[in-house]
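Per-chain residue numbering starts at 1, and chain names A, B, C and D are given in the order in which the chains are listed.
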Amino acid sequence: MNHCLETGGKHVEPAHFRLMMACAEICRTSAHFMLINTPHHKHTCKECAEICAECAQDCKRIGGMDECVAICEACANSCRQMAA
Amino acid sequence: MNHCLETGGKHVEPAHFRLMMACAEICRTSAHFMLINTPHHKHTCKECAEICAECAQDCKRIGGMDECVAICEACANSCRQMAA
Amino acid sequence: MNHCLETGGKHVEPAHFRLMMACAEICRTSAHFMLINTPHHKHTCKECAEICAECAQDCKRIGGMDECVAICEACANSCRQMAA
Amino acid sequence: MNHCLETGGKHVEPAHFRLMMACAEICRTSAHFMLINTPHHKHTCKECAEICAECAQDCKRIGGMDECVAICEACANSCRQMAA
């Protein structure tokens, strides 16, 4: 998020930046749900996988964020496995 | 959560206390998703409604937590409307 | 935060938006610390008061956010009392 | 936290478990403050170092949590460096 904030322009377009913030939030929540070992972690991990996949796509669309794309895709994969 | 922690006994049974912690967490996340106005708030609010309803039931089962039950049910109703 | 994101321009300048995000975060943490009744809530509330006061000033500087300014100042006052 | 919850007894004594919850929370907040690159991260990291050090001590007192003690002490050290 800091990179997007510093770069500005299309990196802080509402739809994109909102997605980044939602992604950071659901990742934390899913990690917390796994930490406390609640069976509901499957639901938050499923949502996390969806948001991460959407983030990866949106970072691709904007461009110049290959590292971000790779991390979001890896995270989406892990979350899909946790949600299964 | 503080009440459960202070009271101890069945109030800190893993399944119950884990549910309380999950509830506090998903409520915060759903509020944050509404604050940042992401369309994904419908998904977290749906999950929040489920967890709050489960909390209300579990607080009923343990007993002596009428106020908690009422708040969880009210919250579950609001979340169901946000998720619709 | 949604208002700033939608409005854009100086509302999404790194220093300002970063402050908004920090404010939302420390408010949640302080509320959580009060919920779980930890004595450390005095420290997070003190930090919260500082960040809220800084937010109020920065929203004044940017202008057109009188409601935000009023809420941040009220929150800073409450937090100062909790921290005392 | 899950270990404490499962083990019960003195592991869910209010003072101890409250400390565990406060620790999980301030760690997340400090990580978020570093992610968004706010200068206030120095303050939350300082608080995080204090809470982690207190956690390490309390886990030592209760006993049988050597891994927890080691992690809390390592985290306290990192946080002290970030806060400097």
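Criterion: a contact is a pair of C-beta atoms (placed from the backbone, for glycine too) under 8 Å apart; a residue touches a chain by one contact, two chains touch by 3 or more.
These numbers come from a predicted model, not from an experiment.
K.L.:
Out of curiosity, which chains are bumping into both subunit A and subunit B?
P.N.:
Touching subunit A and subunit B alike, sorted by label: C, D.
K.L.:
Fit subunit C to subunit D on CA atoms, both being copies of the same sequence, and give the resulting rotation angle in degrees, nearest 5.
P.N.:
The best-fit rotation has an angle of 180 degrees.
K.L.:
Nearest whole angstrom, what separates the Cα centre of subunit A from the Cα centre of subunit D?
P.N.:
25
K.L.:
Could you list which residues of subunit A touch at least two other chains?
P.N.:
Within subunit A, residues 1-2, 5, 18, 21, 32, 36-37 contact more than one other chain.
K.L.:
Okay, in this complex, where on subunit A does subunit B touch?
P.N.:
So the residues of subunit A touching subunit B come out as 18-19, 21-22, 25-26, 29, 32-33, 36-38, 40, 43-44, 47, 50-51.
K.L.:
For the complex, give me every residue of subunit A touching subunit D.
P.N.:
On the subunit A side, the touching residues are 1-2, 5, 24, 28, 32, 35-37.
K.L.:
Would you tell me which residues of subunit C are touching subunit A in their complex?
P.N.:
Residues of subunit C touching subunit A: 1-2, 5-6, 8, 12, 14, 17-18, 21.
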